[in-house]
Every structure is written in structure tokens, then in C-alpha cells.
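What follows is a group of structures, each given as C-alpha cells.
Presented sequentially are two complexes of chain A, the first with chain B as partner and the second with chain C.
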Partner chain A sequence: MTRYDLIIVGAGPAGLSAAIEAAKQGLKVIVFDENAKPGGQLFKQIHKFFGSKEHKAKIRGFKIGEELLKEANDFGVEVVLNAIVIGLYLDKEVTVNINDEIRHYKGDAVIVATGASENMVTFDGWTLPGVIGAGAAQTMMNLHSVRPGNKVLMLGSGNVGLVVSFQLLQAGCEVVALVDAAPKVGGYGVHAAKVARCGVSFYLSHTIIKAEGEECVKGVTIGEVDSRWRLVPGTEKHFEVDTICLAVGLSPMSQLLKMAGCEMKNTPAGYVPKCDETGETNIPGLFAAGDVSGIEEASSAMIEGRIAGLAAAENLGFLDKEELSEKIYELKKALLSLREGMFAPGNRGKAIEKTEEGIDLSINLLKKGYVGETEIERFPGVTRKKGVHPVIECTQNIPCNPCQDVCPKKCIKIGDKITSLPTLDETKECSGCGMCVAACSGQAIFLMNEEFEPGFAAITLPYEFLPLPSKGDKGMALDRSGKEICEAEIIDVKTKQVFDHTHLLTMKVPVNMAGKSRFFVVRRQENE
Partner chain B sequence: MSNVNNRFKKDLDKFITEFDDDLIICRCEEVTKGEIRRAVHDGMYTLTEIRRYLRSGMGLCQGQTCQILVKGIVAKELGISPMDLEPVISRSPTRPIEMKVLGNEGKEAL
Partner chain C sequence: MRISNHPILGKPEEKREVEFTYDGQIMKGLEGEPIAVALKVAGVKIHRYTKKYHKARGIFCAIGRCTDCVMVVDGKPNVRTCITPLKEGMKIQTQYGVAAKES
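Presenting the complex of A and B:
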């Protein structure tokens, strides 16, 4: 038996954040994780995070993971990997399988940050090899550099389904369809739009009927469902695929808390312990933080972890009550701001039709994954102006504001309310530096110059694919739906360290196509 | 749980075979949807009873994949919301482990 001030189960965003805060207060902290690598899901997150500076917005997930690990190391946190916690007992005794031996540890306080596991759905053929979780696909691609398949169908249009679809495209897979039984896209519209403009078709109100194949997946049949989730006969569609990815939600892995005797509750965010605002359960000194206390984003998990770490310090007398409330005041504010906007936990299941500004939402975005041409002009970030200027296709209230912070000319305004739609300050002159294009985690900002050459416009777009086109490359411009609409030529490619692997392509298109052209593909016929 | 008990006020509908009853739900223990539905009609109204009766969720993954699926099927059969069903009891070991490891107490400090 070894005793620690604080034992943390799980070295993901919540667990590591908790460990850092507690260690800063002088606690002796040990973190167990069953995986060979720390960081939980963070190291699979190759996209830039949303939020504001204090939420580490516009930093890619895996970089946040590296930062957390370094910080934990600096403060003397002991992180034990390949350490499988198998039990949590009375008086905070923890049993851990390390190197095929059972070790007993006792913590004066324990924080459970075990995260969540992926949900599955059943259909004919769902047990065939080739039907995988979206998280599994992410692990294969982003941790092990293995492409999960060549032709993929994604089920689920929440943020996980959308983000992983984009990553599959980046890995060189063909995403043949994005399917969801719900009538509307569930995740951020900007995530949907960047997938749609690559040419992925969205099938809302559709479900998988059957995965085909004897030994492994060879194809899939989907069909439309009505408002009562019944299949509409005659709407079947067939795709040849070798992989079916399921992104149908997550469930908290709260078994340890239940085993320890915590009071539990069934909620729409999963089966979770009853906690106070610091994450403390009904058992004093036993805390839950991150997805295990209710499914949210990594950004909120990190803040919950920090709060729980500080609260554990207070529980053991390293901080007094006043110091604690002072320290967590800002953290709670940051957490609340992440829980605002139309995707807030409190808005789950509600039908929202207008933005906070009173603008009708894009119906096309919710049904097809991209904003319609007639809809886009009503959003405040989309304006027409002489010379180069940003076009911000940000149409939903989500907690995110890096575009406002990075603009050196202060052209872009969001204001204090982090969920407000960005607007353009017409009195300020855009320098065309492209910082906003690279900083937008949703890849929703473009630079437009309708007077580039007589009859031609220049459009700068964010680009995160390989091979990177080069200046002079000719190809086709794609519209928001991914349809090829006109010839385009790359006239500039910008790559800077500060853009963090988001390259800026500037393409020349006929001026009448400027409002539609939002993506580029190199013309391949010439080489073949 | 209260809503589960309300079930006793009226009899369960008669068991009627469904087209996808032979769909595997618990992959580890190869338990089908039909078996789970049948178990409810046999009088197993809680997830813990179903687990003991059919061994669903007792295999290698310890219900990580199927527990939500089983919950949904049982709730539908009982005509209640899945939110009204208490998940199964949690016990150590929470992860699959070989008996020789479970019995191998680490004595020396790491």
C-alpha cells in the first residue's frame, strides 16, 4: 500500500489539468492511465479548438496535450502509464493492475477522470469487420498513421462525426456519405461546411438498413426515416464502402464512481455521479471531472479538472475556503462561457430557428451541410467591399472568438459576448494578412478581392490537405456543396509558422463566381 | 425505478417475434435481441436481472459496447424511458483481467 495526497484516474484533459492545479498547491499527486500514452483523446485531436484564449482556442488538440504533459512534469506530477485501475473502494482505496501485479494505493482525495466510451447502434451486419467507431478511426489515423479504409460511410452528424469525416478526407479516404437519422445536422455548422465543400453528400433523416459483405464490409444500404423514425419504403440507397464509421454519441465511464458508492443519476448526458459545483460527489474527497461527469468538450473537461484539483487541495487543507472560491471564480466564468450559445447543454433537443441577433438560421446548412447562396448574405460577417476584405461565413452562435483577437487591424468584432456572430468594422482597412483565415477553427473565413484583375477575383481560403498546390497550379473551384463550378488558378500559397499548418491558398476565379467559389482541386486530367 | 414498478399495474404485451430478433446485441456473449426481449417477458425487469439471466455484458468488454443497447431494448419492451432503468451494479475488476494477475498482489514498492 502506498499513500498519496491525491490519486487521479485518467490522464486525459481533465485528469492532467486537475493534477497540475493540485500539484501547484503542494499536493503529492499520482495519475494512473490504462493507455500506453497519456493525454486521453487530446492526441487524436489534430484540429484547432474553439473558444477564447483562456480555453486555448485555435491551438490544435495534440499541442494542448503536449503543453499539459509538460506542465504536469514541471510540477512533479507522477504519471503512471499502462496502469489499469480495476477497483475503487471504501476510504478511497484504489487497486491498480501494473505489470501484471495488483497494487494498492490510498488517496486522501481521489479524482475520477475516466472519460467516456463510444456508443454503438445495431443494424443488420453491424458486427462485420469494417464497422468501427469514429473514435477508433481517429486512433488509427492520428495515433498510428493507419488509414482505416478507402471508402467510408459516416453515421452521425454531431461534432465527432463531422470532425472525423474531415480527418478521413485529410488522410486520403473517400467519404461517400454522411448519414444521420436526425432531420438536422447535430454539430457545428462550420464543421459541416468544411466537409460539404470537399464534396461529401449529407443524408439527414436517413439510417443504415444493412451492412453488406460476408467476411467484411463491402457495401451499405441506407434509407430515409419519417418523423417517427420509421423507414420510408422505396428510399433505399446503396453505396460501395469498405468502412462504416459510427459517431452516435458517448457514454460516461462512471463504473468506478458507482462502485465506490457515489449517488448516481440518469441524465441526457449519461449515467453520472451527483456532484457539487467543484465536481465533489456525495463522498467527501471523491471528485469527478470531465466526460465522466457528463459528456461535453475537451475544453470544458480541462476547466472542470482544474476546479476539481483546487477543490481537492481545499479538501485536504492546502487552501482555505476563501482562497478556493477566489481561485475558481474565473474558471467557473470560463466554463459558463463555453456552455453558452445554441449548442449549450441547456439547449439540447430544442428547435432553434434564429441566431441571438435575430437572423434566421440557414436551413440548407442544417439539411445539407452548407449555407445556401441566397442565405449567406444575411449574416453580418458577409459583406461586399472594394479591395481585399474578409468574408466570415460564421452563421451560428458558438463560443469562439480567435478571429477578433488575431486581426492586427481590428477589422473583426465579436464583442464581450463570446457567442455573438463576428461583424466587420467598415471603418477599418483590411491588410489582407490572412491571420483570421488561419485562426478560424471552423475554417469559415475567406479573403475576397473582387477587383484583383479586370473580370477576375482573388479568393484566399484555408487549406489543410496534402499535397499542397503550388503557385501557377490550375484546377477547378468548388462551390459550398463541393460541386466544380469554374476553372481556377492558384496565384499564391502562404505558409507561415504562425498559421500552424493551415495553408492559405489564393485562387483566381471569374468575378461572377467569386461569391460561390470556396474550395479548390488541382485538375488531374493533364497528368493522367 | 418507480416507473419500472408501475409496469406491474398492467400486463406486458404478449411476446411477438420481430424481424430482427436474431440480431446479436452482446457480441462477447453472443446474446440476441430476441433473447433479451424474451427475458423481459420471462419476468426480468431490471438490467441486473437480465445480466444474470443471459450473461449479456458479462464477457470480455464487460458491457462497454452493449449496456446502452440492452438498456434501450429492455426499456422499449417495458414501455418506459431508458432513463428510468438503473444500470447494472459495478464491481471490481472494471477491466478484463486474468485470474493469475488478479491473485498476484504486488508486494515490493515500485
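Presenting the complex of A and C:
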């Protein structure tokens, strides 16, 4: 039996963060992870994170993973990979399967940061090869550089379904439909909008009836459901696809905690241990951090991990109570700010109709994935002005503020409440630098110049696809729904290191189309 | 199937090409990538057939949890191909129930 001050199960965002904080306090820490690589799911997350600076906002998930690993390494954290923790017993004894041998460890404190596993949903044909989890799609395209399929139907409109749909498009797959049985889009509206403007159709109040094919997926039939989840006859729609991707939620992997005898509870965030504010369970010295204690974002998991790591240090006498509360004060504040807004854990299942500012939410966004033309004008980031100015299509209260931080001219204001919708300070002059366009994790900011040329407007939009259009390319402007609406010409392409792979395309469109044009496709060469 | 250049991740890390066999056929894949990925690129979707009803199964979770993608690798059944790295000369066989098809 080997003894450690602290044993951590799981080398994802929560586990690594906990290990770093505990190691900083001088604890002898070991982290076990069943995977061949550390980092949990962070290395599959290629989108920019939400939040503010202290939450690592506007940094892509995999970069955050790299930073965490480096930090863990710098502080001498020992990470054992391909190590499956199979038991957690009284007195914090831990059994681990390493190379088909069971090894025995004991921790004076233990932090369980095992994360979550994907939920599944059954339908006729769900076991066919070609039906995959959204996590599988992310793993294949972002870790192994392989497209999961050519034509994909996504089931689930939560953030995972939306983000993975966008990643599928970035990988060069066709997403034929995004389907959810719920009547409203579950994830962030801005994630939905960036998928919709690429031309992906949303089918809310729809479910999969059948995956077709003898030995692998060849097609799928969906149908509408009523308010009591019953199929509406005659609403069937068929799509030819080779892949069906399921993004129907996550469940905490809390089995080890239950096994250890923790008091558990059923919550909307899953079957989780009862914890205090530091993540300590009813068993002193046994902590839970990250998704295992309730499904949230990786940003929250990292803060929970840091808090649990410090609390474990206090539990073992490496810190006194006062030092602990001092150290976790800022962390708790950062965590609370992530738990604000309309997607806050406390708002799960609640019907919200207005923003915190009292503005009616966009119904079209919730039903179809994009804000309607008549709805967009009522949001404070959407204004008209002479010359170049930002148009911020941010319509939901999400804890996020990089746009305010990056604007060198201080045109964009969110204020102290991080969930407030961004507003524009009309007294400040926009320089057209585009920092806000690239920094917006939701890709919801555009630069507009209605007086670019007589009769023409210039619109700058964020672009994360290949091939990258070049100056002079002609094509079509797409509206928020992804419909081609008018001819457009690329007049500028900006690529900068600080934009981190978000290129800024500026296109010229007829001025009467400026309010609608939100995406660009190169004109297809019909003679080819 | 392979993504040669990704808008965010760029070009994938270069890996050595290796040969392996799939039900006796010689195929090529990249050393160290999961067996399931090499098979996917080669167009193989069916990894096994269930014992009782003989239903096809393939990749499902791709992270080693669901065990739907298990195959017989170098004679050993129930190998999770989505997390087992490909090596030169590996013998990979479709799994029927819990074994390879008897030839």
C-alpha cells in the first residue's frame, strides 16, 4: 500500500486544478486517470470559452488544457495514466487497476473528479453502426483528425449539440438537421445562431422515429411531437445520412462516491453527493469537484477543483481556516458569477420570457436557432450609427464579457454585472479594429458600415472555416437562417495572431441587405 | 475521411504509416492512432456482431466506455478498438459474440 497526502481521481479540468492548488500548498499529490492522455474533455473543445478573464474567457478549451498540464507539471503533480480507480473504501483507501494489476493506495484526503458520461436515447435502429455520441464525434474530429461522417443529423440542442454541430461543419461535414424533442433550443442562443447562419435547419419539437439501414445507418426519419411528447401522425421527415449524433445530456459519474458511503441526492444536475461549499462530502476529507458533483461547464469545474484542492490542504493542516477562506474568497466569487444568468443551474427547467433588462426574448431564436429580423432591433447591442460600428447580436443573459475587455476605444459596455447584455456607448468612436468580433466566444458581433460606398454597406464577420476566402472573391451573402439573399464581394480579410484562428471577413453588400447579411459563401462555379 | 487541414487545429501531427490486417485483408493506418480510426478511414463500419441476434455494432462512444467497438486483436477478444493504439502488423478480426469467426 502506498500512501499520499491527497489522491485525486480524474485528470480533467477539475482534477488537475485541484492537484495544482494542493501541490502549491506542499501536499504530496497523485492523480489517477483511466485515459491514455490527461486533460479530460478539454482537448476536444476547440471553441472559445465564455466568462471573463478569471474564467479564461475567449481562450479555446484545448489551450486551457495545455496551460493546466504545464502548471501541474511545474508544481510536480504526479499523474498516472491508464489507471482505472475501481474502488474507494472506508478510510479513503483506493484500489487502482494499472496494467491489469490491482494496486492499493491510501490518501489522507481524496478528491473525486471523475466527470460525467453521455446519456443515450433509444429509438428504432439506435444500435446501428453510424449512431454515435456527440463526444465520439468530437474525439474523432478534434483528437484524431477524422470526420465522423459525411452527412450528419444531430439530436440535441443543448450546448454540446450546438457546439459539436459547429465543429462538424468546421471539419467539413454536412449537418443536415439539428433535432430536439424539446420545444425550445436548450443551449446558448449565440451557439445556435452561428450554426443556423451556416444553413443548418433546426427541428424543435421533433424526435427520431427510426434510424434506417440494414447493417449501418443509411437514413433517418424524424417526426414532430406534441406537448405530451406524442408523435403527430403525418409529420414524418426523411433525411439521407450516414451518421446520427446524439447529444442528449450528461450524467455525473458518481459511482465511486456512492461506493465510499457518501450521502447522495437526486437533482436536475444528476445523482450527486451532498457537498458543502468547498466540495467536501459528508465524509470528512473526501471531496467531489467538477461534473461529478453536478453538470456544468469546464470553467466551473476548474474553479471547483481549485477550491477543493485548497480545502483538502486545510483539512490536512497545510493551511489554517482563515488562510483557506481568504484564498477561496475570489474563487467563490468567480464561481458564483458563472452561475448567474438565464442558463444558471438554479434556472434549469424554468420558462424565462424576458432578459434581465426586461426585453422580450427572441422566440425565433428558441424555435429556429436564429433571431428574427423584426426581433433583433430591440436588443441594446444593435444600433445604427454613421461610419463603422459594432452590431452585437447578444440577446440572452450569459456570464461573459470579453467584448467589453478587448475594445480599445471603450465603445462596448457590460458593466459590473457580467450577465448584462452589452450596450454601446454612442459617445465613443469605433476604430473598426475588429477585436470584439474575434473575441466574442458566441461569434455574435459584426462590424457594420452602412456608408461604405453609395448604395453599398460593408459587414465584417467572424469566420472559422477553410478554405478562407480572399479579397476580391465573389459569392453570396447569407442571412441569419443561412439562406442566400444577395451577391456579396469580399473586400478585406484580416488574420492576426491575437484573433486566434478567427478570421475577419469584410464583405460588400447592397445597403438594403446590410441588416440581414450575416455569413458568406463563395459563389459556386457552375461551369466546373 | 481524414481532415488534412483544420481551421482551428491546423494540420494533424505526422505519423508513420503502418500495415495491419482486417479479417485477412491488408490495410494501412497511422501508427498510434486508435484501431477504430484506422478502420473508419478504411471504410470499415462494422466491428462486431452480437451473439444472440447477430446485430452489427460499431463505434459509439469512442472513448472506451461503451465497449460497442470491441474486436479480436492479435487473437485477444473484447479489445476496445477506439482506445487501443494501432501497431505495425496487428491482426484485427471482426468479433462474433465473443470470438473471431472460425475459419
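Points worth noting:
Throughout what follows, the second predicted complex is superposed on the first by the 526 of 528 C-alpha atoms of A that agree within 3 Å, B and C clash if a C-alpha of one lies under 4 Å from a C-alpha of the other, contacts with A are read in each partner's own complex, and residues count from 1 in each chain.
Everything that follows uses one rule, which is that a residue touches a chain if its C-beta (ideal position, glycine included) is under 8 Å from a C-beta of that chain, and two chains touch if they have at least 3 such contacts.
What you are looking at is a predicted structure, and each value in this text was computed from that prediction instead of being measured.
By the touch criterion defined above, A:124 reaches chain B but does not reach chain C. Look at A:251: by the touch rule set out above, it reaches chain B but stays clear of chain C.
When both complexes are overlaid on chain A, the residue A:2 reaches chain B alone and has no touch with chain C. By the touch criterion defined above, A:101 lies against chain B but remains apart from chain C after alignment on the C-alpha atoms of chain A.
When both complexes are overlaid on chain A, the residue A:87 reaches chain B alone and has no touch with chain C.
Of the two partner chains placed by superposition, only chain B is touched by A:271; chain C is not.
With both structures placed on the common chain, the touch criterion links A:144 to chain C but leaves chain B unconnected.
Residues common to the contacts of chain A with chain B and with chain C across the two structures: 34, 117, 127. Only residues 34-36, 46, 60, 62, 117-118, 127-133, 135-137, 139-142, 144-147, 170-172, 215-216, 464-466, 468, 501 of chain A touch chain C when the two sit together in their complex. Listed in rising order, the residues of chain C touching chain A in the complex are 1-3, 5-9, 12, 33-34, 37, 40-41, 45-47, 55-66, 68, 82-83, 85. Within the complex formed with chain B, the residues of chain A that make contact are 2, 34, 84-89, 95, 97-104, 117, 119-124, 126-127, 251, 253, 255-256, 258-259, 264, 266-268, 271.
Residue ranges of chain B in contact with chain A, taken from their complex: 20, 23-25, 27, 33, 64-69, 82-87, 89-95, 97-98, 100-102, 104-106, 109-110.
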